[in-house]
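Structure incoming, see below.
As written, the chains take the letters A, B and C, and residue 1 is the first residue of each chain.
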Amino acid sequence: MAAAPALAHRIARSGVLPLCRRLPAWGRAIRQPPSLPLAPCRAFSNNKIQVEMNESSGVATMKFKSPPVNSLSLDFLTEFCISLEKLENDRACRGIIITSAIPKIFSSGLDITEMCGKSTEHYAEFWRAVQEIWLRLYSSNMVTLAVINGSSPAGGCLIALSCDYRIMAENPKYTIGLNEAQLGIVAPFWFKDTFVNVVGQRVAERSLQLGSLYPAPEALKFGIVDELVPEEKLQEKAAAVMAQWLALPDHARQITKSMMRKTVLDRLVAHREEDIKNFISFVSKESIQKSLRMYMEMLKKKKS
Amino acid sequence: MAAAPALAHRIARSGVLPLCRRLPAWGRAIRQPPSLPLAPCRAFSNNKIQVEMNESSGVATMKFKSPPVNSLSLDFLTEFCISLEKLENDRACRGIIITSAIPKIFSSGLDITEMCGKSTEHYAEFWRAVQEIWLRLYSSNMVTLAVINGSSPAGGCLIALSCDYRIMAENPKYTIGLNEAQLGIVAPFWFKDTFVNVVGQRVAERSLQLGSLYPAPEALKFGIVDELVPEEKLQEKAAAVMAQWLALPDHARQITKSMMRKTVLDRLVAHREEDIKNFISFVSKESIQKSLRMYMEMLKKKKS
Amino acid sequence: MAAAPALAHRIARSGVLPLCRRLPAWGRAIRQPPSLPLAPCRAFSNNKIQVEMNESSGVATMKFKSPPVNSLSLDFLTEFCISLEKLENDRACRGIIITSAIPKIFSSGLDITEMCGKSTEHYAEFWRAVQEIWLRLYSSNMVTLAVINGSSPAGGCLIALSCDYRIMAENPKYTIGLNEAQLGIVAPFWFKDTFVNVVGQRVAERSLQLGSLYPAPEALKFGIVDELVPEEKLQEKAAAVMAQWLALPDHARQITKSMMRKTVLDRLVAHREEDIKNFISFVSKESIQKSLRMYMEMLKKKKS
């Protein structure tokens, strides 16, 4: 595991991601020299994310399995990033289904322990990893399908919003939304841009100010998710939706996607370092540290 | 009353409004030196707007009471501006409810007598006051809730659109919309931007071209208002909605709001003088003067 | 017919179109010197488009009648362009209804034979004509009403989207959409911009990536069309809708429309030559030529 953050760091450092055809990254050149046939990946599992590749369909399934709530720690994000990179570079993989192996939760969002009582360097590394996941996912050449089989607040919601299509379990106990404001935190501009692209300005404005978490039926009504499906039919439905998307030639679809998302992607690429500085300065404030500590205390009490 | 326009003028002249934490304006520094505790405002009423402050909830209610139809004259706008400024500077005030004390009408919009047969200087002063109200309301740090208890055409609709949330009386006789085109007038770009932010491009394009006034149920359908409530339950509902918004910490909500609205606010700030010149040149045209005179004649006949 | 492409070319070369008041083009100056009264046009029919002008209402009806499927060939586009130009310059004409004289089809979109096995110069001329139609239609001072009485894929859909309002026959067998991706083709950015203006970012993103063709009821649901009407009532409804739009003074409506559409129009005007180069480079690719040839073969087999 020790090498992983370093690799992620290297990937992250590379800066602008060309959206349509990525230059082979250094790490990849080592693993997969262009002159050799690509080794088909079957299944790989690390600590926190399980990946299964169906070679006949060209579809990979990524299952978050980081108990208790799939929170997005630096380790989780690093694994996520490496898994995405692997699949993105695997020509046999045309689509990914992102879902959770933990009952009732898709992902609880950013891991607050990464933002509490750590060094400036740590905050910078963590935030760069958050940015990196969004940049990769939102610009992925693969068809990305979120199968939201549990609650999905904050950063968990961002992951879903960054996919091409969102199916959610038809269970009003599961909620989704960018609820940062409820913790006294401001969702960064690229969370906001991604949200506006999905639900439009009015709904985004109200939801972000209120930090709204929507039960599945309301999430459908406001367009946060595209479809609700009974939980036991999620897999079947996901396969059908993916097949529909993969029925199209990749190239035109990829360029179209890139054209649709370019403005918003470019904005973060242009302001990435500034955004990291803003995060560090915000999270380092004593008032924010205090409110995060209180929130963690509350979570601990809830558990016990 | 004599001093009021001058003060508004001073405020208006100050130019760019920093959105998150305003520097104390000269006028305020005189009234409320920072070293003294802020005097809690209770209720103040001028000629045209009645303000009640509930100190326990931190919510002020502004009631338009300028018969017959709450039209936005220069005097009205000046009072509105001063009231907003006072509340904005009052730390005890976290939210405002904007409504009408006149039955069946929220506000009829800009006062046409201010645009008819007056001097260039007058047109400039009037238009600057219209801009100023929008800049202050759309960028307000307070939670702003429009309780639309009557019809609300043109400028009246703009005031509602500039709030954070809109509740309208469930009465199909009440209409709302930016109907400027029906008078042969073009809604300025920042009316348009505000409208697009609420209803999206397609609905805004059609509604502005047709100068549509929507009965309450249609206004809800197109997203111009967020909720319909029986007229007798408006107050109760307003209090509940406001409480929901005030349940969140102010700071994150304010920064989020500023982030969402910045682009549109900045556009007017950057083009403010040009927009005033455009208004003067438009309103000074003989053809426009003639059509406004005809419209006023029609209104007079209607009354008698 | 020989002179027509040359004229269209001349029009097309003129570059930026001032949106509100166009300078008289050379061709028009010859036909209609400003000192003479404008000759009222009644009906003119060329090969592919039939135009009827109702002088009492000020409404022209353009009927596409280019069998079998009203495909947008260079000749068709040239005629379309000249007809639009004529009506735009005719002060008696305030609105146009665009519909089809061919049963079951509004327009099948760009004529693929124009993009297959032709010279670079031909591709350039063809693409410039496509751009020109869009620029003229999207910026038209007239009220433009699409009466979609049949299927309307790709370029046919673009024409409908460029109008002010869309009425479609209530027939689920008729479909509409920008389905370019299904042919492995990328809809250009200004198709995308026009689509986003009508349906918003989320629906546009998904629809363009999937190349979705929507049956009429779904097209209504997603906002691609504004109304469904039983086919036999289309004409009657069109007249009523047009009357509603023409009840307003032209000038304010025209400026409002121009203000709403300017950003998107300016983008193509600024990148017009680049867009032509992109089209040529794309369409000249052997892979694209091959897939277009295959598609044409398929169409031929379908017919026989």
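Basically, a contact is a pair of C-beta atoms (placed from the backbone, for glycine too) under 8 Å apart; a residue touches a chain by one contact, two chains touch by 3 or more.
Please read these numbers as outputs of a predicted model, since none were measured by experiment.
J.: Chain contact graph: line, ring, star, complete or other?
T.: Contact pattern: complete, every chain touching every other.
J.: Taking all residue numbers used at the chain A/chain B interface, answer same if over half belong to both copies and different if under half do.
T.: Under half of the interface numbering overlaps between copies: different.
J.: Please report how far chain B has to rotate so that its Cα atoms sit on those of chain C, a copy of the same sequence, as a value between 0 and 180° in steps of 5.
T.: 120
J.: In whole angstrom, what separates the CA-based centres of chain A and chain B?
T.: 40
J.: For chain B, what residues touch not just one other chain but two or more?
T.: 200, in rising order.
J.: Residue numbers of chain A touching chain C in their complex, please.
T.: Touching chain C from chain A are residues 164-165, 196-200, 223, 226, 244-245, 248-249, 251-253, 255-257, 259-261.
J.: Which chain B residues qualify as touching chain C in the complex?
T.: 180-187, 189, 192, 200-202, 204-206, 208-211
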